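Shared between the two complexes below is chain A, which pairs with chain B and chain C, respectively.
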Partner chain A sequence: MKKVDKETLKLAAQHLMFEMSDEEYESLLADFDSIISKMKILGEIEGIDDVEPMTFPFDVTNSYLREDIAGEPLTREDALKNAKDIHNGMIGLPRVVK
Partner chain B sequence: MRYMDKNLREIHNAIISNSVTPLELVKEAIELAKNDDNNAFEYICEKEALEKVRKLDPSKKNNLLYGIPVVIKDNISTKDIPTTASSDLLKDYVPVFDSEVVTRLENEGAIIIGKTTMDELAMGGTGTSGHLGTTYNPWDKTKTRIIGGSSSGSAAAISAGVVPIAIGSDTGDSIRKPASYASLVGFKPTWGRISRFGLFPFAPSFDHVGYFTRNVYDSAYLLNILAGRDDKDSSSSFEPIEDYTKHLEDKLEGTRIAVINGVIDNVSDKEILNSFNKSIEYLRQNGAIVDYVDIDLILLEAIQPTYFIISSSESTSNNANLDGIKFGSRIEGKTLEEVMVNTRTNGFSRRIKDRFIIGSYSMLEENRNELFIRAQKCRRLIVNAFNNVFEKYDAIYCPAAPTIAPKINLKEDTVFNKVNISEHYMAFANMGGFPSITLPLGFENSMPFGGNLSSKPFQESKLFNIANYIEKGTGLSDKVAKRD
Partner chain C sequence: MELRAIIGLEIHVEMNTKSKMFSDAPVSFGQLPNTQVSAFDMSFPGTMPTVNKQAVINAIRVSNALNMTIDNVLMFDRKNYFYSDLPKGYQITQYFRPIGRNGCLTFNSGDENITINIERLHLEEDTCKQFHVDDFSYLDFNRAGIPVIEIVTKPEFKSGQEVRKFVELIRSIVVFLDVSHGKMEEGNIRVDLNVSLEDDNKRWSKVEIKNLNSLSNIEKAINYEVNRQKDLVIKGKTIGRETRRYDETNDRTVMLRIKTDSVDYRYFTDPNIPPIKLSDEFIKNAIDTSPELAHVKQKKYKTLGLSDYDANLITNSKETCAYFEKGLETGCSPKTLANWINIQVQKVLKLKCISINEFSISAKELGELILLVEEHKINNSQAKSVFNEAVETGNSVIDVINKNKTNHILDENEILDLIKEIINSNQNLVNDYKNGKEKVVGYIVGLVMSKTQRKADPSLTNKLTVVELRRR
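This part shows the complex of A and B:
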């Protein structure tokens, strides 16, 4: 398992696209000890590696496909309703090419 | 005459007999919401509700929900009504469509009068982490106890008698725990039984839409309205629906109920144990067979960390779209990336960032097998253990929590509190998609506590049947916190 230190947490935050203060990283680092130790206990559960990971509550076999009928998509007006900085029906963003 | 303290059938009869009109009911609920002192509301839909109630179709008058004021948790989409999930990042967000649950309620004639506070993005169990601050427990006049979360405002609004129905969501126990702290009936169905179209996803393999009522009949009736296939939600079930009120009074002879030793052994509160034991005695007197059964303690202890790793991991990817570009409170920057970083840095509270980092760390290639995949394997072992119990028993019954509502402590509920099995076990029902209901059991120092029943998937009728008997035994239905 990758060692948890402040740099690891900073890298994760960078990937997640937000920033935290040094104090927040220190506090989270302390919580990680508890998380890692609990997860190590899970590794000791008998038979844990003999089962498949469970990704949903129960198996459902479903052959449903909707009819191939065109539906009404969101209107442009609705799609842009919650965006800021609208120009000519498009969302404005900082210029990429200066 | 005050109607919002009453149950659905009483209010309906008052409408049918012309003792009250839907407009009067909506005005009463809005007035109560405006005077709410529990921080239950993100938004009161006064203008919208008054407009809709005036346009109600009188031909629907015989529907039990006709003219009934309802509140909706603020992570459930309501067209043209702000929906923030109690997060600063979404403080200006206004959905352009209704969730399926809202559509079904409104088709019956229910009127949405407010959106309720919650733990930010539904990630929390105390009702203290939303952007509007702590939601208070109406049963505690000193305003020092939590209501629980994450469906905190919905629980507070119905227990304070603002509305007779409140919609919530439940990913770990977010309806069923607050119900215990507020003398409510809190229900989540089988996974897939109620459409999640329009619910903001937190951890979709655990997420459920559910609700609060103040008695078991109303809970069963509401499922008649909300259950059923919805093509807009690919996880929605094709299983046939039933009349869930039909078997409420069926005799319990031969019904087998299991109490889990590892849960009950971790409850030390004598009042809770005493009331729980009395309810078991009542079930036995009515023909139920109640046994105490073991589940491996290590699996019960594993429920919380397993839940935490999986839900944090799922939440990381499901909230990646909250970047302020297409929607959300954008904070400007010099580049596209800077806009996203500024928006997410300012928009999320520390608790949310912690969860995302834990989730992201758990899914790193070098950690995945030991954290995320191991948690998913553990989930299977936990669900297998409960399914083994359900092979012999119709339901599992335990106290919903080991205590009455705890005192507000903003330092708690950060990442991992100390593990008490009886505090966190109810997430097993989210892991296995089992229907689950909390209902009132008693009071200690004027604060409520409850019991919780769960059953096999799609056995909601049996669940309501047993719950109805427990309610008869306790006599605790239609309880509203007294106002000063």
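This part shows the complex of A and C:
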């Protein structure tokens, strides 16, 4: 398993576009150490490599599909409530393409 | 050294469902920005996706039309990326288990039948629409979340013409299946191309051309790009792995960005949508209730007596098929109705730049007008006059007939009386006819038409004249 060090976390933070303090990195590293050591224990279980990877904790499926009926949309005021810059009913932001 | 083009496609088809892929916000085009959105489409925290049943049915129908294997478990994955067109930070798509796999489609290009293999068909949500003006970008979320199917072919096309024919066929399939409006100019169908060259020993880097939304631009973009790449190879230059766009004004492709390492979208199964089991019955029902495709209708129309040519013209558009089928309900001759639609109606549509749905004469009215001719109640030239007047004035066919009293066409007895009167007053006509002068028939028909101000049916008059002359 790839070692998670401060550089790995810094790269991840950069990809996710947020900054963290040194203390936060230390705390997160400690968390990772704990998680990885638990993973190691799981890895020692006999026959674990033969188990299909799971996405959900329980092997269940359902058959529910929503009927194609249009509901009431949000009012424009509600939809744009959190937007900083509104221009002609659209959310404005610094140009994202050259 | 023969350089050959190899082209693969990714076709995005925006559906015409009533609600969005994962929310019940309405799908309605041409509305004010940000008025067709739900909390989920805006990625408000705590909102959860629910899968649109009709979108799944549509995907099954298209997969079936493309001869694909349909997965009976529906699973969705997150494609993670950070960009303003999707505020969740990921797009819900089907990366690991597309609903359709391993299909193929055979079509005619030039003089040959070509079969193209189709790798996958998956369901996903559309992104929001971005407008870039000066230093700003503006976001309209009405499009965000509209159901989309993406069809990915194997790189097996050899020319722009083949690709164009294929996309035309895909368009016809999704329109006839009522999956999409299929309006390429409005972005309902968007095509990304992967174009590369190969010879017997080598395959060069592939270039992606994104977001083509017209059939002619697809063909032109491929022709330009293939020539550009051939030119580079001949000059010994490198073909870069890059993404380009088609510049319509200057008929060329322009580089957007160089492809470095492929982007890692960190795909993983969406934990908010547990696997959905599609029963055999559900899949079968979606297929069995599927609307007819163009080629099925063509076959059906030919059994009604239409020529290949007429059947092809009618099935060029789903709306024309609907008009034709509605007209048939009147009981008129299918062949005559097809002729009227393909000639008279199409002429008016072209002239007025309208679709058949906007045409003022309904299919029922046209069918009934044709019936009047078939029942010899009016003649063909009168029917055309009525048709033209109804088109010009916007009045109903029946109003035009009543106004002009063209419905007061002479019946068989009235015509026969006139024929007898003409023959009685000129016995020579009978003698001439019996001596082999067949022109006499045309002469008598002409007199009847003139005496009735063309209110008699010429073919009926002709028939009655011959019978009467022979009887004498």
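The definition used in the following text is that the second predicted complex is superposed on the first by the 69 of 98 C-alpha atoms of A that agree within 3 Å, B and C clash if a C-alpha of one lies under 4 Å from a C-alpha of the other, contacts with A are read in each partner's own complex, and residues count from 1 in each chain.
One rule holds for everything that comes next: contacts are C-beta pairs under 8 Å (C-beta built on N, C-alpha and C of every residue); 3 or more make two chains touch, one makes a residue touch a chain.
Please read all numbers here as calculations on a predicted model, not as lab measurements.
In the superposition on chain A, A:Ile48 makes contact with chain B only, not with chain C. Of the two partner chains placed around the shared chain by superposition, chain B and chain C are both touched by A:Val60.
In the superposition on chain A, A:Ile69 makes contact with chain C only, while chain B stays out of contact range.
Comparing chain C and chain B on the residues of chain A they touch gives the larger count to B. Once the two complexes are laid over each other on the shared chain, residue contacts for A:Phe18 go to chain B alone; chain C is not touched. By the touch criterion stated above, A:Val96 is placed in contact with chain B and with chain C alike.
The residues of chain A shared by its contacts with chain B and with chain C are 16-17, 55-56, 60, 62, 64, 66, 74, 79, 91, 93-94, 96. On the side of chain A, the complex with chain B involves touching residues 1-2, 4, 8-9, 12-13, 15-20, 24, 27-28, 31-32, 34-35, 38-39, 41-45, 47-49, 51-58, 60, 62, 64, 66, 74, 78-79, 81-85, 91, 93-94, 96. Chain B meets chain A in the complex at residues 92-94, 96, 191-192, 205, 231, 235, 237-238, 298-299, 301-302, 304-306, 308-309, 316, 323-328, 330, 332-341, 344-345, 348, 350, 353-354, 356-358, 360-361, 364, 366-367, 370-371, 373-381, 383-384, 414-416, 419, 430-434, 457.
On the chain C side of its complex with chain A, the touching residues are 17-19, 24-28, 32-39, 42, 50-56, 73, 75, 82-84, 130-132, 134-141, 268-269, 271, 274-279, 282. Taken together, the chain A residues at the contact with chain C in this complex read 16-17, 55-56, 60-71, 73-74, 76, 79-80, 87-97.
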